[in-house]
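For clarity, chains are labelled A, B and C in written order, and residue numbers in each chain start from 1.
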Amino acid sequence: MSERAMSGFDELTHVRAKEVIARYPVARSALLPLLHLVQSVEGCVSQDGIRFCAELLDLSTAEVSAVATFYTMYKRTPCGEHLVSVCTNTLCAALGGDDIYRRLSERLGVGHEETAGEPGTTGSLTLEHAECLAACDLAPVIQVNYEYFDNQTVESAERLVEALQRGEKPHPTRGAPLTDLRTVELELAGFTEDPTVAAAAVAGNSAAPETLRGTMIAAERGWAAPAFPDEIPALPEKS
Amino acid sequence: MTTTETETVTLTIDGIEVTAPKGEILIRTCERLGIIVPRFCDHPLLEPAGACRQCLVEVEMGGRPMPKPQASCTMTVADGMVVKTQHTSPVADKAQQGVMELLLINHPLDCPICDKGGECPLQNQAMSTGRTDSRFVETKRTFPKPLPISSQVLLDRERCVLCQRCTRFSDEIAGDPFIDLLERGANQQIGTAEDKPFQSYFSGNTIQICPVGALTSAAYRFRSRPFDLKSTPSVCEHCSSGCASRTDTRRGQVMRKLAGNDPEVNEEWLCDKGRFAFRYLGAKQRITRPLLRDESGQLVEVSWTEALRVAAEGLLAARGNRGIGVLAGGRLTREDAYAYAKFARVAAGTHDVDFRARPHSAEELAFLQTQLTPTVTFAAVEAAPSVLTVGMDLEEESGILFLRVRKAVRKHGQRVFTLGQWSTPGVEKTHATLIKSVPGAEASVLRELSVGGELVDALSATGSVILVGDRAAEVPGLHSAVAELATRTGAQVAWVPRRAGDRGALEVGAVPTLLPGGRPVTDAAARAEVERAWGVTLSAEPGRSTDEILAAAASGALSGLVVGGVDPHDLADPAAALAGLANVGFLVSLEIMTSAVTELADVVLPVAPDAHRAGTYVNWEGRHRPFAPSLDGGGVLPDCRVLDTLAVEMDVDLFTQTPSAAAGDLDRLGPYTGTFTAPTERPGSTPRPAQVGSAVLATWRQLLDDGALQVDEPALAGTARAPRVRANAATAERLGLTEGGQASVATDRGAITLPVELADLPDGVVWLPAHSPGSQVRSTLGVGHGALVRVTAG
Amino acid sequence: MSDILTPVLTSRWAQENSWTLETYERTGGYRAMRTALAGHPDQLIQLCKDSGLRGRGGAGFPTGMKWSFIPQGGEGAGAKPKYLVINADEGEPGTCKDIPTMMADPHSLIEGCIITSYAIRANFCAIYVRGEALHPIRRLRAAVAEAYAQGYLGTDILGTGFDLEIVVHAGAGAYICGEETALLDSLEGRRGQPRLKPPFPATAGLYASPTVVNNVETIASVPYIVAGGAEWFRTMGSEKSPGPKIYSVSGHVERPGQYEAPMGITLRTLLELAGGMKDGIPLKFWTPGGSSTPMFTAEHLDVPLDFEGAAGAGSMLGTTAVQVFNETVSVPWAVMKWTEFYKHESCGKCTPCREGTYWLVQILERMVHGEGTESDVETLLDVCDNILGRSFCALGDGATSPITSGIKYFRQEFLDLIAEQPAVARPEQLADVELTGAPA
């Protein structure tokens, strides 16, 4: 049984798994990143993936299943090339998020956590409605493979999805040049394949106008925080 | 142990001032006052969870009310605390009513068909704390049900209140985290991994502690209503722990067994064998009428009068000829064992009596003599800083003691050492240091370690314990090595036999060297006490052991045998034993079920199983565990009564007509006050390093196996560990074995073929379960632990 | 009196390549670390206490006091390793301040981690970032790598003998992991379910060792406090709520975005900065600090948005996630959506939250879809009463806030929903009908 479970994952994945475990003072802390690693290989967390983690961390498969089923980012069935997450929490929904989700769902003919197209093939998309994605000043927001596509409308979202289905990779408004879900899961586990790509990814835009609004207004109006003292003040005596 | 003054605090609960030990959980203090706060997740033997929120009470600390009601199952008492439960606080009452309503919104209204109905904490507390109607008109959560999470345990997720008692038990107590919470929020549910069922030797406890009907057993499901059951306190017959249990019967049938609450022994737990293995009572193999072998060689039912007359005549003739031997078996109560011991001396006129229905040795007997006054208890084992186990796999051979050791490991980091061959689940779950030995070399290994080092240091800590299983008798010199280690370290030694009756049988003199109370046959004064009490003259010459008795029977040196509850296949050489049974002139068998002995017997006298008899087990601690019959009638009598009547037919009085009469007769004798010296036998020769194609065999029994008392329990058998041949990777490679492939372990007598699983055994060693389906080691191979065997692939 | 906006944490955000070590150091970064490492850890704890810094994750617990709870010395828990854990599991609806901080200026957080770890004597720090925050994770990891390369992390930092390892840990989608003990369980590779307290993380946190769990914004503030001193920090905000704070304004305003101001700014001022209500449609309701903080209405425009001000007006400061909704939005609908969120994110551990949110969602959905009954409003309130203060952690409490505050200010809207069946509640539909129940 153990050989079969381990065989689904190649040598590199084993090496990476060991590396993940080595990051933490206690091995079990590696479980969440390991499950991301499993998703980068399988496109979901399968029973083999659960056994893989269980054996590496000396846990029962029930214990790993308990963790894998708790978190929404771990998917049970193979995902598409891309994961399209539409925020439908209150604020995004009030600004159009519900309509966006409904339209994409109709257009793709799939519901929550369902995949349009053959999972893993180019242009295949897994759709989900997401809870608050912490980009409320840019609502309504969509993430594709967790990269931000901000200030969406029904129309822009449709265009985005069409482009993805055609195999194109539109640039997110904030985030790195689009790759695919597996690459991103690998990155969440802490690994990147290509240093050049990684550097470009880090450099991906992060500052939307909304992000800088306060800073810009302050600059325009000459507002600032009180100036620091010229010298760093001496630390207080310990009490 | 020194007694230290417990620190206390004083608090007020519902206006009553109460003093409580510091650190006590509030809900427990309430209980002691007779104030019952409703609860679900709380269980005194599990870590607090605070999950169900049913036990909310109002608490005031230092004159300031806490802003929120507090869970009384997680809060510890403090000085000056003022607590108001539902009886005095409208806030607590409302909070409890609120939680109860929420627990019920998704609970199905299937009480009329639920096993738990009538004994259900949810049902009861819904009555005490719930509303009469529901405001919930929405859609209930539904799940397919029931979900089998093992062959024995079924899960109904709709009924589950997610208190997590089951998952906490499995994780904390049993160490079998094979059930866990899955999913999240309103979808949260108990479940197993897709690839691994809830295979735990202790799974039945989760059913008992489930506060709703979410967990039910295949064995009891839909069999009865609690209010139709008659409940009798009982004592488990399956091992030497003597667990308190409760036997529930209906219309003359045992419907189920539950764990009794005995904090000193089994706390509130039972192993699954103890809980589920009772169908033997109604098995087709049961014997309830006396049987006599007729002229055609068939056993036929006869009257008691005739059976006893024939048995008495046969035995009298045998006694007059070359004599009678008495084999007493291992599942006797102390009263029944006493009857055998006395029958041997008084009616058969011999010391040829032995309870040891398994491999045994003279060294063992010498060791057992030093164990007549036991000093170790469950509590002492729990408190011990270090424990060494010798000749036993705790989880497989003494499940409840295993739980106690595991508790000590969890609670105070007890160090456990196991002298064995591989890291069994029990070794791993007690985080034990495995002292690895080639089978048969255990005595030498232990002697080497006794010189000094980690083991000696650990066992030298005051209160440390060495637990010795009855398998130690399979290794020459091992008891002596244990005695030496104990002397060196000051560790206390406890003998933990596998069978329920062994300790009692030893104490009452069902051995060839000892009379009741441990009086040596060879001690004239001690012998004289017994002679006076029994009104007989006793030989000063010790009798023969089980093996010797059977050998004598085989060779014609004995003319008759009285055998109670012995399975020849459990003995060191089953073929030799069978030869003895077959060749002896006259064989009387006292049995509850047909067996290899009844097959050969001239007269078979049915005796009562526990459900039909009263008596006292003496558990490994030496603790008396009396029990009464849980079923009336049944037309069967206890061994002591049958032997008493048989003796009368032989013109002798045993005064063991009833268990209480037997106990009275025995207790008049009192204990022996002399002392014994420990054995000093040298270790035997270490088994030879395995040659090409051969290996040294390690073997012992698993908790769930082909044991006679486990018949007719397919659901239980489904949770047994799969029989496997085990070897380490290097040995497997050398022998040409592959993990998952088949291996054949053979001697000239026969072969056992099972799938291979790799484990950390010593080089050149293979392990087999001793008595599991497809692996009857002694009867198939004719050898046991420490023997050389041939191993081939396929 | 300080300026209306006081960019401190956001001061670098508009810089080119703001996330790089080069930019950070060019603009004064990592100076505070040198000063801090030259001092005694206890001096840093004292400085943090003097500054009056309060936790920016929502609860506002005094940060210096939290640090001082960490047992030190060789005895008992003090002998165990200490840990710093950064709560970057930003997921409270409306909250979007930590993610831009980590993207734009990751080094300020890392410098804060170094100083804080030194103060509490931790040699291992984990930054627990919600998994969906991919770009922040990426930026943080790049910044951590730069800091290692520069000798600011690792062993013997700047020759001081102080060692620190930082791991950027990606979560996997669970709002509850923002609760600090659930976060610790999650970081230990378990289901993110809250732990019993006591023991508190300060004595038995990560790996049962003393642990400080602080929010991103809190720890990112630390280098500035060291660099500017406690007095400087206290020139902003109020006595009890000092310092600058990032206010995230979202929803029906002309210019949503991040506005860093001294604590105590009002919605009126924020709305002015944000260009007023979008398309001039009047304000109906807003949250001062995320969905778990009871909603406010137009009558609260002048409530000072600091810990005392928000609490005094019957809400909480929370995460200063100011979500603004105009009159087109149905309160029962919004409340239903938020309740669906809490149901989805309830961890399942305790009965009130697990079962209560399950029930509340069904009542609200039924009401919003035109099938409400007379008793529904009272049932909603009573179920909330049975959750609030009865659940295991604050998630359950938070789940009741939208409902109880929504009914408090807009009861008639809920009643009308029942009276005028079938209800029309979706925002786009409401735009076409005459509004009812909204206060003038």
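Heads up, the rule we're going with is that contacts are C-beta pairs under 8 Å (C-beta built on N, C-alpha and C of every residue); 3 or more make two chains touch, one makes a residue touch a chain.
Here the structure is a predicted model, which is why all the values come from computation and not from measurement.
Chemist: Using CA atoms only, can you tell me which chain is the most central one in this structure?
Modeler: B
Chemist: Report which of B-C and A-C is connected by more C-beta pairs in contact.
Modeler: Counting C-beta pairs in contact, A-C comes out ahead.
Chemist: Report the inter-centroid distance (CA atoms only) between subunit A and subunit B in whole Å.
Modeler: 53
Chemist: Counting only Cα atoms for the centres, state how far subunit B is from subunit C in Å.
Modeler: Taking the average C-alpha coordinate of subunit B and of subunit C, the gap between them is 55 Å.
Chemist: Between subunit A and subunit C, what's the gap in Å when you average each chain's C-alpha atoms?
Modeler: Result: the chain centres lie 20 Å from each other.
Chemist: Could you check subunit B for residues that touch two or more other chains and list them?
Modeler: Subunit B, residues with two or more chain partners: 181, 183-184.
Chemist: If I count partner chains per residue in subunit C, which residues reach a count of at least 2?
Modeler: Touching at least two other chains: 174, 191, 344-345, 347.
Chemist: Pull out every residue in subunit A that's touching 2 or more other chains.
Modeler: Residues 66, 70 of subunit A each touch two or more of the other chains.
Chemist: Mind pulling up the subunit C residues that touch subunit A in the complex?
Modeler: 2-8, 10-11, 13-14, 17-19, 28, 31-32, 35-36, 39-40, 42-47, 49-50, 81, 90-96, 98-100, 103-104, 124, 126, 130-135, 137-139, 141-142, 167-175, 186-192, 207, 226-232, 235-236, 244, 246-252, 255-261, 273-274, 291, 321, 323, 325, 328-329, 334, 337-338, 341, 344-345, 347, 426-428
Chemist: Quick check: in the complex, which residue numbers of subunit A touch subunit B?
Modeler: 1, 3, 47, 50-51, 59-66, 69-70
Chemist: Can you name the residues of subunit C that touch subunit B in the complex?
Modeler: Answer in residue numbers: 174, 191, 196, 343-352, 354-359, 362-363, 366, 375, 379, 382-383, 385-387, 389-392.
Chemist: Using the touch definition from the top, list the residues of subunit B that touch subunit C in their complex.
Modeler: So the residues of subunit B in touch with subunit C come to 48-54, 56, 67-69, 74, 94-95, 98-99, 101-103, 105-106, 135-136, 138-139, 141, 161-162, 181, 183-188.
Chemist: Would you pull the subunit B residues touching subunit A in the complex into a rising list?
Modeler: Going through subunit B, the ones touching subunit A are 177-184, 191-196, 739-740.
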